[in-house]
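These are the structures, in structure tokens.
There are two complexes below, and they share chain A, which is joined by chain B in the first and by chain C in the second.
Right, the complex of A and B next:
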């Protein structure tokens, strides 16, 4: 069994230009055999709207090194079963902007001359770094495609599902800190907290809501009173109508059946 | 004889009446200190009084504290959410901020950028902690229309005002009259209405008779100390009982009143309590003090202990050979052959391949993280399955002409006459797998073509597992030799 862990698995850092940042990582071999490991860093860009990434196979434009006295980036080291090792990563950058990369711990094995496939683990810890003269760099979020997913909303049987994207037009990543306000007759009746996803610089993220500390689809639970509602995030809003469709259909069916029975009775007479 | 009997009866009555009057109506003891005396503080946390260190500029929100020479020389008694006041260039004027985070023992973050007027070295940084004092005592004496006084230590250190709302290093501060006299809240001046005298004694109001005066008491060794005096009046004709316990409070909830401000540290050794003396004294209706009724007590204050715990997200990934040995039908594959026994965590040894047939083996993958956004596991091959001597390759599968691709949902693979190398996944307990087993696809070549195979967009509640099943086919014309390839499984948290 090869079982490796890395801690922390993600870091979000804001640095002033020219400053050094030192971060320690704990790598642990939880497996029952010794493993040979080495380290590397690789830049990436976000891909799509859901936190996927694509690696660029290039190191970031930052000064990154290991501060361990006995180890350099790329140099092999051995972890015995149940052994941990602290790796100290030193980061220094001068140019303002955002930098996204992953600190990898790569498993290495010597080749084995037979027809086989060798499986290696690569554990990565993402680093989101903003280098700015300002401690709180200004970010600019824009809401796109904010809408209600289901067009016909029944009072009794339909939840209202919202979808949308949050676009970060600034040069620095930030976390979403916002809510969806649901109002009826100009009175706010409910608020949905948007999940605080990271939205990277000049990228977008699918809207998700916070549900018991976990991300979940943004939805307003049934039942709802009939009427016209408005959902808004900042200055972006969308309207939807809630009607008792199920009740109307039931009444319609009742009328039709009654009429059919009456007609049938008349025909018999 | 009759007179003698009368005299005896008279004598007995007199004696009995005297005994009864002594027993049931004892003469008040004019001079005895109360018993069961204590002052209980609703908070024994010392106030914070540090000064601005060097290196803080206007608009910074990271505040550095001076590390020596002040009552407080670090951030250890500061807490997230504390309201702090930072001195301005105008004497006595403070700008209020909220502590947003504690960086280290010398650094903390405030909720908004610091104003230019606060950014000078040695500007006072204060955070007041105040308390309701609850005195309980059992008088052993009484005076009709008398007074009970409660003395709490005030500072007599030069440069410290006892009623300016700034924590003093040598006593309790009475609070300031800002924003206005009579105001309630943090740092405001204690008023007579903030004191609740015992309701079960005396006559009239239970608010304090007097707040705001001080008394100087000389201790036995000749040193003097200043005390705030808060007095309760028994009222005209009122008196307290002897031997009955009473309780009075000094200070009210800050939403509706004021409290005495706890001292800042006098003892530079953190964790060592600062001990202060208090007194309860007794005066008669003419305000004459009876020293014999004075009792002394002690209260101790100490820095609060900040307990912080950070749970760093961790990700753990495992590859093992559990459930994929000889005979396994993981991924709904034909039973794995004898070579299944040779599968290790790092290697799948197909051995001698059966030509024009599916050669299936597998691994079990496990992932767990406590990161908020879950995890992703991807896989890619680091080059083709290649003959280690000639460089001839076994191509990535097309699933027997089924047209599967590296990023697609996979297709079934039922024709084995062409050489090919691919895989499928069986979800055991994963939040999301990318494609269902029964369908195969080739590995992406190189890190840039890594494909997701396991994923959870939330924090999984338990280790999530999947089988990955490898399939290798060799046509009857495939060059003989030893072939090898590397698969890289990458596990990361989701950003």
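Right, the complex of A and C next:
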């Protein structure tokens, strides 16, 4: 079995133009065989709204190298079972803007004899890099398609599910730091914390909420009092109505059945 | 009096607590510091888990010339470890019989960082090939729809080629197969498994399938399959 791990799994940094940043990574062989590895850095673009990516097969346009005295990017090294190695990545950039890369640990093809198909693994850790003269570059988030997913919300049996997208119109990535405020009669009755996903420059992410340190669907739990509610994120809001649909349907059925029984009784008489 | 002094010295030596220096090393550096922390580590009970650092000198957040340093007492763990495993290296299809498909299975195991999902893509260096250059082509499926993007059904004995299925939402059924992205043709590796939330020891079963026609040249066909796992950003 080949089993590799990398730590940290993601690096998010802001750099001033012309400065260096050094980050150490721990690569560990958790498997039961020795593996020959090398490293590389690839450029990627976001794909979709959920944090997936696609690689561009192009080299990084920043100066990225290994600071290890005995190792360069692309150079093979061997990790024995349960052995770990510290790799020190040095990043330097001059041109302001956002840069998205993955630091890869690649299992080397030359180390494995093949019968038919030889399976190899690559393990990546993302680098989200903003180069800016400002320590906190200005970001501009916009909420799109914010709405309640279920049109009929019952007081007793329906949770209110919210959906939407958060768009970053700035030149720098940032984390979402916001809440969904739920109000009724102009009084805030609940707040849902939006999960702090990274939104990349000029891209969008699907809205998710924080639930016990994990991302989850944004929803307001039942039961709810009947009435008109408003959900808002900053200046974007949507309204929804909660009614006792189940109770109304039950009463309606009761009336119909009662009427039928009365009609039947009258017919018999 | 002198005897009492020596006796007290011996008692003090025997009762004193050990002082632990700290040692750090990497392939390039060794650091031996006598006073780094008073204590640090992971503590846990039935209900709680605590990690701490006590006694660090000069803790704080420093920034200078564009670089931010968080020094001393631990800050939050920024991101956890990301791990990826495969159960074996070599897939051996044995001796193939024309028009009778052969399959082989492999398992991937992924643990993503807390709060983050993952994605896995796959690629091949080339279709299965002989040294002479003869290949077993990547499968097109029963409806000629299969590609590195699209899975097509593959049940016909007269559909020839090489492809894979995974027990993920990217494949409608176990009879749907996709091609590996062929790097020698500059095809872009495509996602075949992903999660938007944290996973621990998530397993993905890969089923390879191969079927050849009677005109396929004999020999040992080989290629490399690479699985790339990354966290979602």
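Please note the rule applied: the second predicted complex is superposed on the first by the 263 of 269 C-alpha atoms of A that agree within 3 Å, B and C clash if a C-alpha of one lies under 4 Å from a C-alpha of the other, contacts with A are read in each partner's own complex, and residues count from 1 in each chain.
Following the convention adopted for this analysis, a residue touches a chain if its C-beta (ideal position, glycine included) is under 8 Å from a C-beta of that chain, and two chains touch if they have at least 3 such contacts.
Since the model is a prediction, treat every value here as computed from it, not as a measurement.
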item	value
Which of chain B and chain C A:221 touches, first, second, both or neither	neither
If touched residues of chain A are counted for chain B and for chain C, the larger one	C
Chain B versus chain C as contact partner of A:68, first or second or both or neither	second
Partner chain(s) touched by A:109 [first = chain B, second = chain C, both, neither]	both
Touched partner set for A:86, first chain B, second chain C, both or neither	second
First, second, both or neither for A:124, with chain B first and chain C second	both
Which of chain B and chain C A:8 touches, first, second, both or neither	both
First (chain B), second (chain C), both or neither touched by A:198	both
Contact residues of chain A, present in both the chain B and the chain C interface	1-10, 30-31, 46, 50-55, 57, 100, 102, 104, 106, 109, 112-126, 128, 135, 198, 200, 213-215
Contacting residues of chain B [partner chain A, same complex]	60-62, 113, 312-322, 345-353, 363, 366, 369, 371-373, 375-376, 385, 388, 446-448, 450, 452, 457-459, 470, 472, 482-495
Residues of chain C touching chain A in the complex	26-28, 63, 65-68, 78-93, 106, 108-109, 111-117, 119, 121, 124-125, 128, 186, 188-189, 191, 194, 196-198, 208, 220-233
Complex contacts: residues of chain A adjacent to chain C	1-10, 12-21, 24, 30-31, 46-47, 50-55, 57, 68-71, 85-86, 88, 100, 102, 104, 106, 109, 112-126, 128, 135, 195, 198, 200, 208, 213-216
Touching residues on chain A, where the partner in the complex is chain B	1-10, 30-31, 33, 42, 46, 50-57, 100, 102, 104, 106-107, 109, 111-126, 128, 135-136, 197-198, 200, 213-215
